[in-house]
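Labels A, B, C and D are assigned to the chains in the order they are written; within every chain, residues are numbered from 1.
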Amino acid sequence: MGGKDLEVFKRRIYEILEASHDGDVVSKRYDVLMLTAVIVGLIPLTMKEGNRYSLIIDVITVSIFIFDYIMRFYTSDYKMGIKSYKAYVAYVFTPMAIIDLLSIVPVLTFFFPASVTLQLFRIFRVLRILKLVRYSKTMVVIENVIRKVRAQLFAMLMIACAYIFAIAMIIFQVEPDLFEDFFDALYWATISITTIGYGDIAPATNIGRFITMLSALVGVAVVALPSGMITAAYMDEISRKKSKLEI
Amino acid sequence: MGGKDLEVFKRRIYEILEASHDGDVVSKRYDVLMLTAVIVGLIPLTMKEGNRYSLIIDVITVSIFIFDYIMRFYTSDYKMGIKSYKAYVAYVFTPMAIIDLLSIVPVLTFFFPASVTLQLFRIFRVLRILKLVRYSKTMVVIENVIRKVRAQLFAMLMIACAYIFAIAMIIFQVEPDLFEDFFDALYWATISITTIGYGDIAPATNIGRFITMLSALVGVAVVALPSGMITAAYMDEISRKKSKLEI
Amino acid sequence: MGGKDLEVFKRRIYEILEASHDGDVVSKRYDVLMLTAVIVGLIPLTMKEGNRYSLIIDVITVSIFIFDYIMRFYTSDYKMGIKSYKAYVAYVFTPMAIIDLLSIVPVLTFFFPASVTLQLFRIFRVLRILKLVRYSKTMVVIENVIRKVRAQLFAMLMIACAYIFAIAMIIFQVEPDLFEDFFDALYWATISITTIGYGDIAPATNIGRFITMLSALVGVAVVALPSGMITAAYMDEISRKKSKLEI
Amino acid sequence: MGGKDLEVFKRRIYEILEASHDGDVVSKRYDVLMLTAVIVGLIPLTMKEGNRYSLIIDVITVSIFIFDYIMRFYTSDYKMGIKSYKAYVAYVFTPMAIIDLLSIVPVLTFFFPASVTLQLFRIFRVLRILKLVRYSKTMVVIENVIRKVRAQLFAMLMIACAYIFAIAMIIFQVEPDLFEDFFDALYWATISITTIGYGDIAPATNIGRFITMLSALVGVAVVALPSGMITAAYMDEISRKKSKLEI
């Protein structure tokens, strides 16, 4: 096989992976295979204890994901558009490649089942759901909206976190007997500000209840802020599309 | 009765059913009869055990609905605007005709009371409430708004469901003792993300609480997205009406 | 006192009541008196059992409200702008006059303390809070916004109520043991759809939980609808004000 | 040191405090020091009982805050832009100076540990979090949005408070056995209207549940109002920025 043949072969693999050609039957079937692997691979996570079947599913789906990761890594230069070893390094650090890698890592629990740290890695498998975004076209608009307000949403999340910390500190000083440690106070504050309110921890003293009332009333406005921002970004996206059509 | 007379008779039935003429007294009375049948027919659903009265109500209202369904089926060609047997087939598969049929089906429980599957059909009677939309004119604007964002709302519902599945899987791996099966984890995740938070299932370990906190904070944004979309669609609907008035 | 003098006297009372003149000191003091009476008159409602002081407060504040009602009734012709006995009849049926009357009615519990029906009238006193709107100028914008979406908010409330009834009927058929009567199911549905979720009633069977999940996910959109409508009306109000300034 | 030298020295301190020069290394380091002091100074608030380390942290961070307050007070004339003793008085009453002072006050608990009133002052330390706003530039947009709707948000908060008081009064009259005192009823109403719903207090009688249902349905609209206002203000801010760019 000459260098040119190899290049043609590589290009073909890239086409299959990226599904750029609408009439490409092989590419379409590869997508269906990957989608099936993602969904079937999540089934063991819905069972309490791993049995024979979940082990088989894990082995097969992870094999597919490892093959997919190697193929995507192999065609990095096409993906990144630069013909150099830098393409391979750059690809590994793209968000999608990191998700791909993290969703394979839990496979190591096969070989070191005793390790507790690796046990926690099992939940990384859930990240495979994010792979579904790659195969969906309706999510592009929503992704755009989120990208647009990313900086502001991050600022909002910071404000919300600072607010939750402040409320947790105050209630922890005022009603220390209600909580085992400060983390409990943080948990209570988060569950209250997001208006979930399980009721497993609820203030019992008058001063504690007064602080809860104040923080709840202000918290409604804190929650309204991200909601308003997303609406504004969404309407901007719509009006931009319209003005494009008019011009 | 000649073919022409029959056609005139059929046309009259269609007019009565559709209430297209504002001054049509018979059509108006038919609407009132149907509205009464819908509301009265729901009364047995608010009782724990069927008694003599609820049986009488069921027999009368279902008879009315069967008559209504037959009449609507009979005038399908007027409704669909095509003079062929295809009109009848097409009509049966319109959303309203399916609702009409499903709200009659529970009548079969009269004849096969032992069947458990049919017992579940009883809740289809609630679909009769959707019939009220047909007789209300104020709901047209709201129906337009929903139709407009239908595709996006569906995408949002998919994201919300994927998010709930992901959270449920993670918590199920982290705190397996909290749940009997995976369905319980799904129930907990849904009740938490929608911020209802009954508190019948609440995380007890620190890692479980940490994941709950993270998913709640992100969940607020997930819930804000459909809210923003509906607002955007609603404002678009208003501004369109205005620009029509100006032109 | 001649008819003309009486007319001047009546006009003066009307001016004091309506506070139309900014420099009118008497009118301002009357407003302060009424505001104080409203707020002080609510104090007995924050006590479990009526004592000597709450009785005194009740007697004084209700006397003031009766005097106020008579004076407002007396100057109905100025208020309504028509010089005829019709003005008096029309005034009695204005929303504000009805609120005024209902907030006096509970006084009858002084004379017939045994009557249970009148006992319930006591909560009508809370309507006095609505009187505060009359003396506040910042609430005009918010009142305009609400008036604008009144018809649509009412339609939304109808949809929300129909939705709550439908969910209550389904859950009542599916999990009859959870509820004492249908009202309990309605209460549960309302507390769930508004995402309060006290947890005093929570579904226990799988089918009940499944229906709760479905109705919660759809309920988020039902709650988002009025929110979007109010936002749209609010922005319309702002843009209208701006375009006025520009012209 | 002459008067001129002192003036140059004072000006230099002001520059370091305000961080107006981007290339000023000393000013930047001072900011980092203050940020560290704020965050480290909050650590003792996350502990149940003060130990040796929390005492050391308190002494060091409060010393830094006192030094910072004196320096800011000393350069008041530069800050306020007026060369007179009035600048010092005016500075003390700016919101930021009040926050600075209140976050130092808890230090008095060192000297009078028995005083219960001063114990409560400890929670003022949490106000130091607000100091972080001074060092963040991304919060300017959000601060602008809040400033814009300040008057309306305040009006909304008033309406929400009046609504909560009204609901609390009604439920307190209808179900007096559910609450120990009126404050409990207020707490229940706030937790319900904000849709937190811990479930520690939930209505048990039919009339109490009916009032809860009514107030919850109306409360959704009351909560939707501030949300809509913030969205409107946010979109206005965005469109203003755009029109600036276009001109």
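Heads up, the rule we're going with is that contacts are C-beta pairs under 8 Å (C-beta built on N, C-alpha and C of every residue); 3 or more make two chains touch, one makes a residue touch a chain.
Only a predicted model underlies this, so the values are computations on that prediction, with no experimental measurement involved.
J.: When chain A touches chain D, do the two copies use mostly the same residue numbers, with over half shared, or different ones?
T.: Shared-number fraction below one half, so different.
J.: By mean C-alpha position, what chain is farthest away from chain A?
T.: Most remote chain from chain A, centroid-wise, comes out as C.
J.: What rotation angle takes the CA atoms of chain C onto those of chain D? Round to the nearest 5 degrees.
T.: 90
J.: With chain centres taken as the means of their Cα atoms, state the distance from chain A to chain D in Å.
T.: Computed value for the inter-centroid distance: 33 Å.
J.: In whole angstrom, how far does the Cα centroid of chain A sit from the Cα centroid of chain C?
T.: Here the centre of chain C sits 46 Å away from the centre of chain A.
J.: What are the residue numbers in chain C that touch two or more other chains?
T.: 195-199, 227, 231-232, 235
J.: Using the touch definition up top, name the residues of chain B that touch chain D in the complex.
T.: So the residues of chain B touching chain D come out as 195, 197-199, 231.
J.: Which residues of chain C touch chain D once you look at their complex with the stated criterion?
T.: Answer in residue numbers: 42, 45-48, 122-123, 125-126, 129, 132, 138-139, 141-142, 145, 153, 157, 160-161, 183-184, 186-187, 190-191, 194-200, 223, 226-227, 230-235, 238.
J.: Under the stated contact criterion, what part of chain B meets chain A in this complex?
T.: Going through chain B, the ones touching chain A are 151-152, 155-156, 159, 162, 165-166, 169-170, 172-174, 176, 181-182, 192, 195-199, 202, 206, 209-210, 212-213, 216-217, 219-221, 224-225, 227-229, 231-232, 235-236.
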